[in-house]
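You will see chain A twice below: alongside chain B first, and alongside chain C after that.
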Partner chain A sequence: MNPSELSLGWKAAVNEVVIGATAAEGGTRGKTVKIGGSQCVPWLGFDGPVGHRPALAIEIWDCGGSSWVEQLQEAYGASISDPVEWAKAAAALNPDLLCLRMMGTHPSMDDSSPAEAAEKVRAILAAVDIPLMIWGCDVDEKDNVVLPKCSEAAKGENCLLGSAKEKNYRTLVASCLADGHKLIAESPLDINIAKQVNILANDVGYPLENIIIYPTTAALGYGSEYVFSIMERGRLAGLSGDKLLQQPVLCDVGSQAWRAKEAVASEDALPGLGAPKERGPLWEALSATNYLQAGADLIVLRHPEAIRTVQQSIERLYQTAVAQ
Partner chain B sequence: MYIIGERINGMFKNVRAAIEERDKKVIQDLALAEVAAGADALDINVGPAKADPLEALYWLVDTVREVSDKPLAIDNPKWELMEKVIPRVKGNGIINSCKADPEQLEKYLGLAVENGVGLIALTIDQRGVPADTETRVELGAQIGAMAQDAGLPMHDLFIDPVILPVNVAPKQPENLMAALRQLAMLSDPAPHFVVGLSNVSQNCSNRHLINRTYLVMAMTAGLDAAIVDPLDTELMNQVITTELLQEKMIYCDSYLDAYRMAK
Partner chain C sequence: MSKTPDINTVSVSFAPMDITVSVELGATILDAARKAGIIVESLCGGDGVCGKCRVIARRGLVEGGTANFLSREEIREGYVLACEARVQSDLLVEVPQVSQMRPRPREVDIAEQRLSEDMALQRQPAKLNPLVHKYGLELSKPTLENNGADLDRLVHALGKINGTGEYQMGLKATRSLASAVRSANGHVTATTAYRGPLTEITDVVAGDSSKVNFAVAIDVGTTSVVAHLVDLTTGQTLGASAKYNGQAVYGADVIRRIMYCSEQPDGLMQLHAIIIDDINTLIQELRERFRLAPKCISLAVIAANTTMVHTILGLDPSYIRREPYVGVAYQPPPFRAAELGISIDPRGLLYCLPCVSSFVGGDITAGILAAGMHESDEPRMLIDIGTNGEIAIGNKDWMVCASASAGPAFEGTGTRDGMRAMRGAIDHVRGWYGGDTLSFSTIGDAAPNGICGTGYIDLLSHLLRVGVIDKMGRLNMSCGSDRMRVNADGTPEFVVVRAGEKGAHRDLAVSQDDVANLTRTKAAVYAASKVLLNSLGLSRSDIKEILVAGAFGYHLDLENAVAIGLLPDIPGESLRFVGNTSVAGAKLVALSRERYQESQDISRAITYFELSTSPIFMEEFTSACFFPHTHIEEFPSVKIEAVGGR
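So, the complex of A and B:
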């Protein structure tokens, strides 16, 4: 039997979303990144068009990474203490995007002001020319004053901003509409709420075609199989025609993987599992490649070694799939 | 659920007047309202127009086409009219309808295949509407077999097991559902199954309630298309909720909006 006869003939494809704007498009990025477009069960090229390669974003913080674990500090060296230098070091690893998380604005971190946050955004946009994600500190009240300023500072750059949630979406959606950014719609491992957030954003005028679904991410060993099944169910519904689940999916792997004890604990604490220097990046990479199989379109990572491993995995999967 | 909107019908006074006066706006507003309410196709019935029904049908088709590219279900019993109007929908329509007598069916199937349109075929022959389940199944099977021979794809075939008013034919609603269950198993892929819903409540009181309740019952028996009034919001909400409970969509709090948004 010819494998193409096994194609399920899906009705719809994952939306194609472009992030970033070059000079020609009114921004200052050196390139844009396009994600989505798949119309098949992930990586089964005979089932339908594979779409674009999943994109990788490297996470950095506006306040530097001095609170990050030792393995990550070592990987970036001195640059990690200065967001602009850190951004340059991360961009040199050749990711598709940078993911700037505004943790410095968190009330229990530096509690920095919206103006300071906007200044950081401008400085990083000036220092590197790859497309940018900007993520709040996840305290709604603070995000609602910080993110509009960050959005304005990045106007025209077609960034990806997050995150809109069921109980807190209006401010961010309005900013993204006004300043021309893409939107992360977050839901707490709940496919019903994933649809609901999309409806809410759409009701206030935000196009469904510009949304990226963030269904919440878990590290390997911490519920990733549950995330996997949610992503799988959403993707199959989207391919079957559900317009509220046709958005590309984002996995925030780095922040979760580096909370896992398997990634960070010393050899003394976890005898037999090998040196943390290799184990940490491996835990992060495996957490990510797992989600590649569930149809992740955009993955946020932290460690340079994990990024290289996942880049290689994507290339192998992609080449195999398009050859089918 | 494939919803065929029934409102563009000369039986309605405002539509009849619009046809007589060639008032495009009335027709186009109705078409747009039906589509906005979730219609997948629009029934076009010229009604009891006396003067030149062919010209009136042409005008209706062209008028609706100016505002919607949904398939148009040309609703007329006369072959002479159907034969002329169908090419006008340019491969984007449905013939509504023909009976199951082989000679007639063959002619209509030919028209459907030649023009690349769908066909609604009624399980009625020269004996009339079947009083039982078995004859419905027999005629439905005959329709399916002849459609296959004629080369009409199953997704373009709509079998209508013909509903009669519950006040005069109390056994028929249940007979029809038994027939649906059996017909659904006759071919894979199965054709569509459609009813003209409002027949079930002709001259009854509580018409809307009877229509809505029957539609839900028939959907659970395999009905996947219906000629209904999509402007009946309660009816549409029940269709959507039935699909939700049949796991044809994933729940979210705004699932009613989500369904309409996806149309």
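So, the complex of A and C:
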């Protein structure tokens, strides 16, 4: 049987979303990245157009990575203590985007001010020319004062800002609208809420086409099968015509994978699982490739080795799929 | 008992009723009110959690009852909660109108009008063939040649009209036969009652009184009781009367009442006595209005939910509440009304419309019968919005039904300033007069003192439209309205009416909890209908027509009900308000033996779908806890409006 006969003939495709703006588009990025566009069950090229390759973002923190685990510190060396240097080191790994998380603004970290945060954003935009994601520290009250300043600082750069949640979306949505950014809509592993956040953002005037869904991510071994099935259900509903689930999907793998004891524990603590130096990046890469099968469009990673592994994996999947 | 004043008893007088009772020192005001036969609004049955039983202690001492629900001003004015305030001396208590359960005459009129509308009823009895029929007969004179017994001649005469049939007769009626057939020259009136394949001759009297034959059709709801007086010789409805179910003092919902029955030694008989008293009050009102003797009413037909049927008949409802949720009888046979204390003709009968299951009662059977769903070629859906949201879907070949505990938020309970659809209730909200003043109407055009179900539906829809609440149902403090404020719990609330506005004597507000309760109620109703459709493999477009029954009558604003996601978004012409189908079904049955048989067939044909065991109900419920719904594609008209308005 010809595999194309198995095509399900989907009614709709995943939205195409562009992040970043070049000089011609009013920004200062050297390139932009386009994600989404698939109209098939992930990677089944005979089922429909595969769309764009999933993009990879490298995560860095505005306050440096001194609190990160040893393996990650080693991978980036001294640059990790200075966000601008770190950004340059990360950009050198050739990711599609940089994911700047404003953890320094967290009240129990440095509690840095909105103005300081905005300054960091400017510095990093000046230091690297790849598209930028800016993610808050996940304390709503603080994010609501910090993110508007970061958004302003990056005005015109068409960044991806996050995250809007069902209980806190108005401020961020307003900023993204005003400064021309894309929006991460976050939901706690719940398809209903994923749709609801989209409706809420849309209700205050934000276009559904500019939203990226973040359905919450788990590391391999920590509920990833549940995340997988939520992503799968969402994707199938989107392809079947549900406009509120046609957004590209973001997976925040790095932060989760490096919390797993399997990624960080010493060989003494986990005998038989190999050296942590290799095991850690592998755990992160496997957590990520798992979600590639569920239709992830954008993945945030931390370890350079994991990034290389996932990049290769994406390339193989893509070439196989488009050849079908 | 000693006549000297006991040091431990005090007297409590109630105004404006002017009733005084003695109670023990330390009794609650609610105890005293019960003793005085005064019904003080109390939804929780005295648990101190509803805050509805506000009274004013005018003279004398009370202790407690001010801890919750009352504002500082109210406490200064002497307001206490009747269920918590304990009497410490002789006392004068004023029961404010809003706390009085017994509506005043003008309110009764309104309640009647609202609760008994059944004009949308499409069906009429096939032919007049009442459950209880009176025949004027002339019996042949006995002779030596034709010397059959009196009973034989009576049956023969009946047979000439009705064809042959199987008759049964009680001892009392048989004993009266000899004199009845002889004292008016063989002219008798025989009363027959339908008992399935048998016909009972319930009474035989001398002379022709066959033109005097009336019935009462009664809808016994958890909250309201409605009675219609019907002339069985013409099929005409003569009048209606309504009152609140007196059992409400013992709890707002059926579960609380069942608990009362199981936990109090004579709880069941107490509730039984109260509801029989309510029924008799309504019958008496109708009899007085139409100058009828009790003897003239030979039939009572009741449509009620399963728990109400149990308390009316005095059957123990305890097992309805416990797994596997079994009642004593769902299709009770007719009983002698007098045996239950219902004051109609002592020989008259009481029929109950058959129930389907422990949580789907004769009210739903009545609804299906009245709406004619069981004769429809195409599937129709009946939604009965009450404390339990009941949904039935079916046609002439099949019927399924589900019941969702929607909660009483649309019936004026479970919300801060909710009230029933009675005088002074805000029943419609039309939006804003330009600036900030809300445009609304109240029942009876009275000063507003609460918000009823239709008012809440309008209100939610408008608040959504102007952005005071978002689609999650959260009040938006930064919406710019100066009617937003933070209440004592630190949560936001929206002031609908300020004290003094249009004569309101206090602020009426909708709180965050209110919106949450209303959201859950509307979500349960919608989710139930969705799950039922899914379980049948049907979609909304397969449903020819949706019939909306319940106390909202025609007062529900369809557009707003759809905008908040209570009712499915279907074209207006596919949606029909059918008013109180419960009383309408009871009347159909009273007027037609065929319809009674149909109601039995309906109750047996319905498949009950248990939502609590449905894996998709919770999922559907969660999707519906959003305005109008998480799946906005199910609400195309709402979507268009939102886009157009922006």
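Note that the second predicted complex is superposed on the first by the 324 of 324 C-alpha atoms of A that agree within 3 Å, B and C clash if a C-alpha of one lies under 4 Å from a C-alpha of the other, contacts with A are read in each partner's own complex, and residues count from 1 in each chain.
As a convention for this text, a residue touches a chain if its C-beta (ideal position, glycine included) is under 8 Å from a C-beta of that chain, and two chains touch if they have at least 3 such contacts.
Bear in mind the structure is a predicted one, so any value in this text is a computation, not a measurement.
For the composite obtained by superposing both complexes on chain A, the positions of chain B and chain C are in clash.
Applying the stated contact rule after C-alpha superposition, one finds that A:267 touches neither chain B nor chain C.
By the touch criterion defined above, A:233 reaches chain B but does not reach chain C. By the touch criterion defined above, A:111 reaches neither chain B nor chain C. When the two complexes are overlaid on their common chain A, residue A:278 makes contact with neither chain B nor chain C.
Touch criterion met: A:205 reaches chain C, while chain B stays clear of it.
By the document's definition of touching, both partners, chain B and chain C, reach A:242. In the superposed pair of complexes, A:196 makes contact with chain B and with chain C alike. When both complexes are aligned on chain A, the segment of chain C among 171-179, 495-503 or 567-575 whose C-alpha atoms clash with chain B is 567-575.
When the two complexes are superposed on chain A, the residues of chain A that touch both chain B and chain C are 192, 195-196, 199-200, 203, 241-244. Partner chain C is touched in their complex by these residues of chain A: 166-167, 170, 190, 192, 195-196, 199-200, 203, 205, 241-244. By the touch criterion stated above, chain C contacts chain A in their complex at residues 470-472, 474, 478, 619, 622-623, 626, 630-633, 642, 646. Those residues of chain B lying in contact with chain A across their complex are 249-255, 257-258, 261-262. Note for the complex: chain A touches chain B at residues 191-196, 199-200, 202-203, 233-234, 237, 241-245.
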